[in-house]
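Heads up, the thing below is written out as structure tokens.
As written, the chain order gives the labels A, B, C, D, E, F, G and H, with residue 1 at the start of each chain.
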Amino acid sequence: MRELLEAVASGELTPAEAEAQLAGYTTTEAGRFDAARQQRRGVPEAVYAEGKTAGEVVDLLLASLKTTGRAIATRASDEQVEAVRAALDDADLDASVRWRDRAGVLLVHGPDYEPPDVDATVRVVTGGTVDRGPAGEARAIAAEMGATVDLVEDVGVAGIARLLDHLDDLREADVLVVAAGREGALPTVVAGLVDTPVIGLPTANGYGHGGDGEAALAGMLQSCTVLSTVNVNAGFVAGAQAGLIARAIGDE
Amino acid sequence: MRELLEAVASGELTPAEAEAQLAGYTTTEAGRFDAARQQRRGVPEAVYAEGKTAGEVVDLLLASLKTTGRAIATRASDEQVEAVRAALDDADLDASVRWRDRAGVLLVHGPDYEPPDVDATVRVVTGGTVDRGPAGEARAIAAEMGATVDLVEDVGVAGIARLLDHLDDLREADVLVVAAGREGALPTVVAGLVDTPVIGLPTANGYGHGGDGEAALAGMLQSCTVLSTVNVNAGFVAGAQAGLIARAIGDE
Amino acid sequence: MRELLEAVASGELTPAEAEAQLAGYTTTEAGRFDAARQQRRGVPEAVYAEGKTAGEVVDLLLASLKTTGRAIATRASDEQVEAVRAALDDADLDASVRWRDRAGVLLVHGPDYEPPDVDATVRVVTGGTVDRGPAGEARAIAAEMGATVDLVEDVGVAGIARLLDHLDDLREADVLVVAAGREGALPTVVAGLVDTPVIGLPTANGYGHGGDGEAALAGMLQSCTVLSTVNVNAGFVAGAQAGLIARAIGDE
Amino acid sequence: MRELLEAVASGELTPAEAEAQLAGYTTTEAGRFDAARQQRRGVPEAVYAEGKTAGEVVDLLLASLKTTGRAIATRASDEQVEAVRAALDDADLDASVRWRDRAGVLLVHGPDYEPPDVDATVRVVTGGTVDRGPAGEARAIAAEMGATVDLVEDVGVAGIARLLDHLDDLREADVLVVAAGREGALPTVVAGLVDTPVIGLPTANGYGHGGDGEAALAGMLQSCTVLSTVNVNAGFVAGAQAGLIARAIGDE
Amino acid sequence: MRELLEAVASGELTPAEAEAQLAGYTTTEAGRFDAARQQRRGVPEAVYAEGKTAGEVVDLLLASLKTTGRAIATRASDEQVEAVRAALDDADLDASVRWRDRAGVLLVHGPDYEPPDVDATVRVVTGGTVDRGPAGEARAIAAEMGATVDLVEDVGVAGIARLLDHLDDLREADVLVVAAGREGALPTVVAGLVDTPVIGLPTANGYGHGGDGEAALAGMLQSCTVLSTVNVNAGFVAGAQAGLIARAIGDE
Amino acid sequence: MRELLEAVASGELTPAEAEAQLAGYTTTEAGRFDAARQQRRGVPEAVYAEGKTAGEVVDLLLASLKTTGRAIATRASDEQVEAVRAALDDADLDASVRWRDRAGVLLVHGPDYEPPDVDATVRVVTGGTVDRGPAGEARAIAAEMGATVDLVEDVGVAGIARLLDHLDDLREADVLVVAAGREGALPTVVAGLVDTPVIGLPTANGYGHGGDGEAALAGMLQSCTVLSTVNVNAGFVAGAQAGLIARAIGDE
Amino acid sequence: MRELLEAVASGELTPAEAEAQLAGYTTTEAGRFDAARQQRRGVPEAVYAEGKTAGEVVDLLLASLKTTGRAIATRASDEQVEAVRAALDDADLDASVRWRDRAGVLLVHGPDYEPPDVDATVRVVTGGTVDRGPAGEARAIAAEMGATVDLVEDVGVAGIARLLDHLDDLREADVLVVAAGREGALPTVVAGLVDTPVIGLPTANGYGHGGDGEAALAGMLQSCTVLSTVNVNAGFVAGAQAGLIARAIGDE
Amino acid sequence: MRELLEAVASGELTPAEAEAQLAGYTTTEAGRFDAARQQRRGVPEAVYAEGKTAGEVVDLLLASLKTTGRAIATRASDEQVEAVRAALDDADLDASVRWRDRAGVLLVHGPDYEPPDVDATVRVVTGGTVDRGPAGEARAIAAEMGATVDLVEDVGVAGIARLLDHLDDLREADVLVVAAGREGALPTVVAGLVDTPVIGLPTANGYGHGGDGEAALAGMLQSCTVLSTVNVNAGFVAGAQAGLIARAIGDE
């Protein structure tokens, strides 16, 4: 840090340039910071809509749209989405709106928004239809980060043949997000069959002892293969981590 | 109960016959009871040796040998086994002694003991070599109950091909005991491939969150296939339950 | 696997025959697979209705009915059942519909469906009236698998006499499913009195510490007798496991 | 409190008399207090020996012996007991020493100690031999409080007949302490058969899920009969509570 | 048992007399059994109303009223109580109805019912007004069993003076039930001040870590004084246990 | 205590003076006691409104207002607040009412109430907007105790720069309350940057494993810096503890 | 930050001065940093000796002694202490060494070390002798930070009188650290009697359910009075927090 | 699968070619399989040495060395390493042996082994010296997979400046493994500062509530930034996952 400060003192650097170099930990207002973070991390800011009023969601999304040209909400409800659509109409903003209701993800792109494009594929795999919510969240986020994303559904370990029939699909992806509830064994079986990074996404399916995704999470952490995991139903985190890996691969 | 008592009053039943009919809850001494229980349940009495002195184990096994012609100890140590061998020599009892050290099971048969024979097979499957202790306990008990028992080892789900290569072996058994630690997914995968009863046996392998067999147990309870389970490392219970099922099948 | 492939190469096996031999892990569409699984495992596919819309339940049941001649839903609601009845009327399908509301199980048989028949009896035992839901689920599934199923109710361990009065009933069954909440001691006491396989079914009765069935589950896992168990309220699994054992016994 | 103070002011009460009336919360030294507590509560002070050095145990027991004429240690080891015996010899104290090694309880009575005598009986019941430690602790403490105490052993619920054979024994007692590990069902079954207060004493037997006495404790708290419980292995507390009840009964 | 059967055979006992002697474990119908249990145990049967329909509660209470002259419901709702009142009116039964709404306890006495009378007092103590529900349940049950019952309220340990002002009240009771939520320290402090049996009743007050009564329960189990405890909010069990102790004291 | 009683006896102290000296544990009615506690502890009594009827909240607040000139409710709802406003209007009490709806805190000051004033500042810091509820509760209570209180919001550790920009703000406060949910790392980072006491306030944000504030609480307890913590969402406790420290600092 | 950088550019600030202003997050070597932290925070750096070799402890303490003139180790063993004494002798350092063996704290002051002096008192209170370890750790650290520290021992809530006898002692302190194991009620009772900040220090005494300090911790978090707490056995944290508060009070 | 079989039938494919295409789930012997897995997955097979005898470790490592030219053991002890060295000498194998004692990792390369080389860097970051064991395990495995690996140590969040000084180091890596115990906040802070994938590695440091790594694990799962995690102390998994990502990046 001393070198940098001395460079400012000597005029080698203007204060603005120095601030830019310290940008990792510099900011003035909340709004500007979000943009900085998105740029720096490559992970888009998303509004966690659950528990917020429709009005709060509208305000946050409009701010995001103005600052970064894009806005994302996760765990949104129909009512919140309606409010956002109405607000965009009122504001006469020519934005494209996509609403993935099963995943609860709302995607808004401004007219000039240029989505990133990454030369890498992410495959999102689910054990059953009940895993579609978190899996869809992961899929939407990874796609927003520029990766090519496909879904391989309903290949639970109770019928291992279904999984084996998709072996080529699984092997040709660059990164895999594997969502499973109940006993959460699917990421383990998948990771034993491929040579790419696998991210386990435990879902809150199941009931009784180990319900709420705890058995699935524990099983993924105990996996006798190599995989990393995220929290229960954390589709955003799984998708963003896959997106970061895809970006690292595809940008080289 | 009134009918039975009236039958006694009328002389239709002798008191002894009535007692026999009530035999489910009649007994006089501890010694005699154990024999009755074994005969009734088909499950051999076994001494849980862990935490007992060598002397206590010797006393209990000799009592069992005299009463039922057979004696079994689980979770026994080398020292305890030596003490039993010495005691049998001292007593000049012409008993056969088998010591399965990995499983910690000691089996003693008196000279006139006629082991039961059941026309049914039990397959004990393990995910890895570390599951051999509880699996061996299950195997020994099911065999003592008269079933034909084989071991299919090292077919963990991380390399699903190993398991599929044993598909015929698995399908031709009448009952399966499937032991697995870590994430405990093996019984789920196996139960999806066969049409016979599967008993999950979680083992205390693994570490960190969900270690001590808790992840494996929770995974088996949450299994999206059909299986029943026993407690962590409860090889005796798994083997005896398999033995009971085998007996029900083989005795018809 | 090599042998099989060589047999195909030499013409000993047609590709179709080879596929049939590999049927354990072969399938093409979701629909066909379910039928295959049911045939292979003997366990009927059932739709877990909780959390699904009435429309989704209708779709899944109609698909099942067309493919296998039978459809089952568990944890169904009155509203879902009404929707299914209406859909069957609309489709002019001459199917018999049975609705076990306490157990939440809906059973639909097509006009040509021939239920399996197994020469073995399953006794479902409950500690109290509150256990009737999961117990009824177990009963319905075991019956659908062809077993003769009876219910022995309200024999909780707090009044041991009630249980002893049913001793003969318990002993003449081939398999027992014993449902209990609170402290879950009933399966232990029952298993000490019979020589047949006992499956413990913990129910989510009780409150405070160990509520939600956790005390009952832990008690069954710790049982000092021989029994295997299933997850809390997992009536389907208990009934299907009993059905598999009954089939193994009755088919010989 | 005002009335009492005014009585002191008016001379109706001497300060000493007032202090005596406030005795519930009056004391001066640690030594004297213990004596007061024992007198007030009827529960003898006992030294919890585990984790203390032999020297510390000796000091505390000698202090207790001098102050109250009696000394008790729980969870004591052979080494600690030897040290106490040696110290008593050295001090030439003519005390009777009883050492219940299985229960880990050491009882020392001074030459002039007059044990209390209460006209009530406590029955301590165990499920298996492994429960003898905590059960013995309970037995020793209840006996020290003056109750007549008997032991009914090895009547676990896996063989309900053993328990029923002791029905008269159980019913004629005034208070029951019922110790059980594993699934802890024994107190529930016993309480359903008698009309006297039952105290459940969970023991740390068992293994795997719910081991360390947690399943037994949860089962007793969930019991569908009426019983109160104490912590795992808390033999002292169970025995003392039984002693308090016996005293309340026997003193009337 | 053999002696008894021989006595029947010899005509010394009629079958009815023999059945009476075996009454601990004899019954024929559900209705009659309840009466037997109440008589034997002294604990009144109560209907746990939570989760039952108003109709079910009415049926069960009327059955109880006819069989035993009394009916009790716990955790009842206003709606259920109204239904019971209406049913009693319809049936023209001249029964007294008391409804303790805070405690959720409904008490119905038939015209000829003679309540038991026990010469012993139970004091129910609460830490705060939020504990009144479970405390009221305990109070009602102990009173129904014939004890004299009083309430000492709002003496939580955060203001120890409030408790000390009630010291005489506490000391003159024969048995104490002490209800407390949050950290559950009140039973410990009370038990240190009296020489009578104390039953801890943890209540589900509190929030965050250790909420739902778990901290209070753990604290009572860990208490450094002598007390036994019941499950969280188990007012019925605490009151009935106090009633059993009071009966044992007052009947002598 | 003896000295005090002797002083009463000798007339040195009047009974009233003696009672005053014993005031720590003296009281007569609930109402008066609250005033005493507030005076002694400096912590204002507050009504925990959650789960109480509007009527109960009104009664308790009016009593508090009359006794101490002030009334506080936490976790209040709009409906409860309306009822309080109406009751104050009805009673024609000239009280100021402030309603912090986000924090759920209602503050009522009587016309003659003189708020305390303490020469010390408390800074309440939050990781995100979702922490505002508990943080606002803490802020309101500390302010009521007389401290100068400011809020530093939205400085979560995911963007460490935001926090560093507030470094001077944080360092100039006398006490810090730091609220954080999710992983709860903010208090640790803050405490590493300041030399004043930090109180961690975990909030119930987050989901899945460690949700409901448990991860945040555990993280604060494990913190590798120096801080003390309170229970999840315990804004009142955190604010009052900060207020006590501020008072100790500011009163000197 | 921009202002600061512009000040550097304009020559108002030298780079060194700017670095000093940014000192909160500036450092060069590990060694120097520790000194900076100690100065900034007022909390002395201490070596957590458990699990380290004697050699590692010696190295770290010598480094600390040279850099700050003082060295502290917590959870040290006799062997480690001997090694430190030997190393100090070898190095011919004229340092004073104090070893608090019960608390496991080693304090080394260099010849020129001037301990801080703060005009405030900390009282460390324990429930029983078993709490002395963590309490002693707290005491040593608070004293090292300059506070006057006293110990009030053995005032557990089971005998509330012992505590009340120390009421004046407790009230005259500026800060209280209250250590308790088992049910952990002591801090609650103490905090209800004083008007100063109380820090709860749960200790790992107790056994069975809630053992290892978990019941005590939960109880303190649930306390119905105002107190903040630290982790189980975290004597260092409790003492340092008390020291920070004392410093804030005594330095004004 | 049908297509493949038909191709075999038509002679388009030889059986061997077909088997190769099915290679994901084909194998014959354990030995050959391991080699296949390593080749397919890129993750080297490693022997988990803890709990194995020195002889077992030797056998497994020699087998690995012969099959793949390399052998790795994790959680090895000095004694096991000595046995391996001796066995290599005896076998006159010209292998290079590296022993990372702090990490417990033993690396053996045969004379002809050509290590993989991947053009990507992994940075392993630790919060404190106590994290070096798992961090070293991660480092060794990632390096074995061909990545360039560096260590950034002792940058715990309690002194955030240390971390910020390493910002450039962190940002220039392709993948980060961040190990932390106690509250586990370091990965969260790091992930907020970089735009590369971060893998959290919780370590079993800490004590009391949330000890054994549970607080750190929960904190990482709850992280408000984007990161994936592995089980407590699972250095091998973290390193291998980083290696897989590095390979995906570096191989393009």
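Rule of thumb we're sticking to: contacts are C-beta pairs under 8 Å (C-beta built on N, C-alpha and C of every residue); 3 or more make two chains touch, one makes a residue touch a chain.
Which chain is which protein? Per UniProt: A, B, C, D, E, F, G, H = PurE domain-containing protein.
Remember, predicted model here, so these are calculated numbers, not experimental data.
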Report task. Check every other chain and keep only those touching both chain A and chain G; list them. Result -> F, H
Query - Numbering shared by both copies at the chain F-chain E contact, with half separating same from different - result: different
Query - Chain whose average C-alpha position is farthest from chain B's own - result: F
Query raised in the report: Taking mean CA positions as centres, which chain lies farthest from chain G?
Result: C
Query raised in the report: For chain B and chain F, what's the span in angstrom between their mean Cα positions?
Result: 60
Requested in this report: Return the distance between the CA-based centres of chain B and chain E, expressed in whole Å.
Outcome: 43
Report task. Give, as an integer number of Å, the spacing between the C-alpha centres of chain C and chain B. Result -> 25
Query raised in the report: What positions in chain B touch 2 or more of the other chains?
Result: 1, 24-26, 37, 159-160, 164-165, 191-193, 208-210, 214, 217, 221-223, 231, 234
**Report entry** Chain pairs in mutual contact under the definition given at the outset
**Finding:** A-B, A-C, A-F, A-G, A-H, B-C, B-D, B-E, B-H, C-D, C-E, C-H, D-E, D-F, D-G, E-F, E-G, F-G, F-H, G-H
Query raised in the report: Along chain D, where are the residues that touch chain F in the complex?
Result: 1-2, 5-6, 8-9, 11, 14-16, 18-19, 22, 26
**Report entry** Footprint of chain A on chain F - complex, ascending
**Finding:** 130, 154, 159-162, 164-165, 207-210
**Report entry** Touching residues (chain side chain H, partner chain A) in the complex
**Finding:** 1, 24-25, 37, 40-43, 164-165, 167, 171, 174-175, 192-197, 199, 217, 221-223, 226-231, 234, 237-238, 240-241, 244-245, 248-250, 252
Query raised in the report: Can you list the residues on chain B that touch chain A in the complex?
Result: 127-128, 156-160, 164, 182-185, 188-189, 191-193, 206, 208-211, 214-216, 218-225
Query - Touching residues on chain C, where the partner in the complex is chain A - result: 24-28, 30, 33, 37, 51, 202, 204, 212-214, 217, 231-234
